[in-house]
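Across the two complexes that follow, subunit A remains constant while its partner is subunit B and subsequently subunit C.
Moving on to the complex of A and B:
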């Protein structure tokens, strides 16, 4: 049976309670009659033989690119860059898509006699990956062949000796990227494309760039004007990356882009109820839900976090496309839309969503309040094309414990940003003008980014900017079940229950508002007309 | 309008602090167990009626307090937390109260309001020639505070012969009095003494333009220091560590660039200075390798001093404004980082670009300019001293700053500041001889 498409359910009296993520736990909420619930399509079919599909894609590139085999030659410098720990979510059950692709590329390189090969994790300003994380992404064979010999690198956006300035775009944007990547005879970039925003020119122009370059698109103005981040035709972030990518290509950097898409098989069998529509839960699903809920209720948060972060997604690869960046990305988008698109008619007064324990920036870490905001307002809110699911001036209700808690190793500058900057102001433009430079250039943050496992000093500000469009659009943001002080620190309203939140929302949107719930998982992209 | 003794009757109503070791010990235990201010009921402070104090000599006048503040050093005394260092330079029994605005009876200021500069220096003590400190105008540095024609007492409020502000009458030397402008409220005037301490501390810190400064503590003294730093110095950045929400709001309002909670001081100082840091095992900050140029400690405890050393840079300075007692402190960082540490006590004469000026004169101006009368939060009748002291001891937590005794006759009824009832004796008074 082919997978069923996404659809919009209208809640009536017989509709069972709806499952919502609530951090390292769940809530079952009886939504008001008339609420629309947007469900994503079921997971689409996997490639039957992904390794063969990869080899085939390498032989049949898109756009004006030649097959990879013909681009490889003895004596060349080959750099293979790959997406970092932020993708996919949760980390996928091995073998990871990156491992499959890189092994295939290395086989071809070996056949061609290429012996100057370097692998680079495209961190941008993210934290460095640990050896186990690298081993998980690349597999034992690749890791053992490269890491011990110093040929498995992680991009360092603060190493001036290993950056090269390629010029300015026609909009005056600096393009400065990793020197090894730029000066190689061929740069192969290996993507995992979970959402439409991933990949394309963003891979190199962001993943291998410096702060000097990134700040041209990771800023309030650009993010405010990316409506949405997932809509290629209305994203300033995408436009800036495309200008930079074209300049990179024009400056002679030869890129062979490889993009892979995944289906939405996000959770393993024991959490299978998360993948299903509630009225279709089997007895076994109900039992699993009850068992998981009651176990979580008795488990300390730290342990629940460990358990959840050990979950590996049974994602399948649904497509592989290689070759010239823009042609590849065009095909990638088609495959993502095939998996995630849901048609939704009309906007809503109130949008509700449950937020999970994980976002791109807290893999094996803590979901601190800024990341909660970023996941809800930066990512989930932006899962649309056309119009936002919620109308301008409407209310967004998110469910998450939002603990006032930070991982000091991974997020040191987040602590200072939350405790010191947000205590003074939540205004993005003020924050950008007054604090960005000092966070970006702080020598301790730079030191920790380069030598420890810390996100770059400016990263929490970027995550805050990521919420720019949503914050400008919404009349109020309410967090259900969150730490009240943490929620208020960000300028949001806390509520104990969903019903309380809906009552609070009425202060903004009036009585009997229309309500829409964004059901996740699975991940979806709402095409709102 | 000034009141005169003949309107009041001959006896003075006063809170008197006796040298009563059992009660002193009881207060110390109670304050340690139950909290600051809780020992006052069983401690050596009593509401009494005294014979008026004798005028000790020429130039001495009577003062009838209108408002008298409760200071942190008073609370330390009442709690039995004061250092024994002070024993030889006070004389028992004494009437506390050194933050005073009152009506003057006699001398050149007769019938006028004045604020008290409480240091009992050479001039007040009839010592001539004066000591080196007094000769230079630095009364706080007087070397004769246990000599001359009044008994030992570093200030009015700690001297048996003078009485103090927590009363309906005491004596002061004219050199201790500063006339209050007619358009200045009593609430503003009673703030002049603590503000003078803050002015002296801010100027003693000798801040070079652009230096990064942290103030620890935002009680009365901390807030006044913030105001003084903003008005008289040019700190490049001023960060304040404040415990309570009301303190944090006031600190911002008075000119702090950034206000953080206790426990955030290392992170704030690190951010401000751009210092590197040594990490603790959990990834937090163990220690800064650099730090800020100057820390002003307005708390004066072992913890606050340790915090100062945590966040000051090598060759940086620490100024102690809050009154410390016996502290336990690891001085290794002071040695290894060549940190300068100095006290800032009282007031006198300050070197200003326009020439030497009295600290009190500068303070009077600053109180007006920064509207520091807003720091007076609640007034109490003398009879309600237990409540007053308890309020002062928990001021920060209760959203208050300065608690004062209201000795004005019109003070009965609902209070305009703290909503406290002023008037109506609650504690039976006993009659005692002052001498």
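Moving on to the complex of A and C:
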């Protein structure tokens, strides 16, 4: 049976309770009659032989690119950059797509006699990856061959000696990227494209860039005008990256782009009920849900967090495309839409969503309140093309425990931002004007970013900016089951139950609002007309 | 339209009901039929893993064989025909009762019975998960399409024979309904040709009175199993002709069971072996002509009235 497309369910009296994520847990909510629930398509079929597909894609690139084999020659400088820990989510069951692709690229490089090969994790301003994380992404063979010899690097956006300024775009945006990547004879970039925003020119222009370059698109104005971040035709973030990418290409940096797409097999078989529609839960699914939810209710948060972060997604590779950046990305988008698109007719007054335990910036870490906001308002709110799922002035209700808790190693500057800046103001423009410079250049944060495993000092501000479009659009944001103080600190409204939240929402949108629930993850993309 | 949310559901308060009761279905939603991994698609590989084989061997040797020996008193003739084969083979037998399979496997020598699988009708033995699991475990059964040569089942049987497994197959495609044999289908001969292995013709006598098709009555009795000379595909012989030759060999064994070896051999040589499929006459005459050992209503040999004077006396009164 071919995978079924996504659809919009209208809740009636016989609709069973709907699964709702709540951080390191989930629960069932009986939604009001008339609520629309948006379900994503079922996972599409995997490539039958992904390794063969990768080899085939390397021989048949898109656009005006030559096959990789012909671009490799003895004596050249080859740099292979790859996406960092933020992709995919949850981390995929080995072998990771990056491992498969990089091994295939290295096979060709070895055949061509290329000696000077360096691998670079494209971190941008993210934290450095630990050795086990690198090993997981690249596989033992690649890790053992490169890491001990110092040839497996992580991009350092604060190392002036390893950055090169390529010029200004026609909009006056600085383009400064990793020197090794820029000065190589060939830069191969290996992507995992989980959402439409990933990949394309963003790979190099963001992943290998410096703060000086990133601030031109990671700012309130750009993000407020990205409607949505997932819509290539209406994303200012994308436009900025494209301008930079074209300048990088014009500067003579030769890029061979490799993009891979995954299906939405997000959770392993033991948690199979998370992938299914509730009325199709089997006895096993119901028993698994009961066992998991009961056990999680009795498990300390730290332990349940560890358990969830050990989950590896059984993602399958659904497509591989290589060659010239824009041609490759065009094909990638088609494959992502094929997996994630759901047609939705009309907006809603109230949008509800359950937020899971993970977002791109807390892999093996804590989901602090800012990341909760970023996941809900920055990512899930933006999972649309056309119009937002919720109308302007509508209400967004998110379910997440939102603990006032931070990982001091990974998110040191988040603590100060939350404790000091948000206590004073939540206004993005004010924060950008008053605080960004100091957080971005604070020597202690820079030191931790470069030598420890900390996100860059400016990162919490960027995550806050990430919510810009949603905050400008929405009339109120309510968090169900969150730490009340943490929720209020961010300017949102806390609620104990979904029922309470809907009552609060009526103050903004009036009585008898229309309600839509976003049933994700697994990821979906709403095409709202 | 109500707008009140019914609130969070706590399935833990009645977990048993939550798990056992199927969820209600929203109106207008089409629920697809569950993916069937039954029939020829059932995966039997688990039943050939070493721990499962060990468990099956223990059940077969320590339970099934003693029980069958007591209940069916099998008399086995021709086991020596197996010795020269020294490798995988196909055992092709007539089929009158569900007991045939277990009986045939149980009388095989140990070097063979623990490396034997059974081709079982996919639509009958593999139509439910519990049945599929039961037969896969109990007899090492693999699903076989009985109406045609199915590629999947043929590929599976071929790969297993090539791996050294012997195969028990009933070429008639099912149990006899009237006691007479039916035309042998091409499955056994096709597999023999494809794998290049010999076919051992087998005749099983006496199981129909014990447990016939469409009967739930089990009456212990005596049985006989005859194994014939290994048959090998001749040069230029196609699967259809080979299937007919196998059928003839089983018919000769059936004749032998009803008469004696020498008479049966002479009739076979003269081409006058009684027809395996019975006379081509009306149904009642076929029933009339059925040998006693194949009659459903006939008490099994051990239970005949003449052998049980106490029953005879009782019925006389």
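The rule is short, and it goes like this: the second predicted complex is superposed on the first by the 529 of 529 C-alpha atoms of A that agree within 3 Å, B and C clash if a C-alpha of one lies under 4 Å from a C-alpha of the other, contacts with A are read in each partner's own complex, and residues count from 1 in each chain.
Basically, a residue touches a chain if its C-beta (ideal position, glycine included) is under 8 Å from a C-beta of that chain, and two chains touch if they have at least 3 such contacts.
Keep in mind that what you see is a predicted model, and the values were worked out from it rather than measured.
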After aligning the two structures on subunit A, examine subunit B and subunit C and state clash or fit. fit
Just subunit B (first), just subunit C (second), both, or neither: which does A:429 touch? neither
Subunit A residues touched by each partner, larger count belonging to subunit B or subunit C: C
Is A:444 touching the first partner subunit B, the second partner subunit C, both, or neither of them? first
Quick one: is A:502 in contact with subunit B, with subunit C, with both, or with neither? Answer first, second, both or neither. second
Report for A:404: first if it touches subunit B alone, second if subunit C alone, otherwise both or neither. neither
With subunit A at the apex, figure out the C-alpha centre angle toward subunit B and subunit C and round it to a multiple of 10 degrees. 130
Does subunit B (first) or subunit C (second) touch A:419, or do both, or does neither? first
Contacts of A:337 with subunit B and subunit C, given as first, second, both or neither: neither
Subunit B versus subunit C as contact partner of A:513, first or second or both or neither: second
Minimum Cα separation, subunit B versus subunit C, post-superposition (Å)? 35
Give me the intersection of subunit A's contacts with subunit B and its contacts with subunit C, in residue numbers. none
For the complex, which residues does subunit A have touching subunit C? 1, 4, 9-12, 14-17, 27-34, 278-283, 286-287, 289-290, 293-294, 297, 497-499, 502, 511-513, 515
Residue positions on subunit A within touch of subunit B in the complex are 407-409, 412, 415-416, 419-420, 423-424, 438, 442-444, 447, 452
List of subunit B residues in touch with subunit A within their complex: 258-261, 264, 267-268, 270-271, 274-277, 279, 282-284
So in the complex, the part of subunit C that touches subunit A is made up of which residues? 1-9, 11-12, 15, 18-20, 23-29, 31-32, 34-35
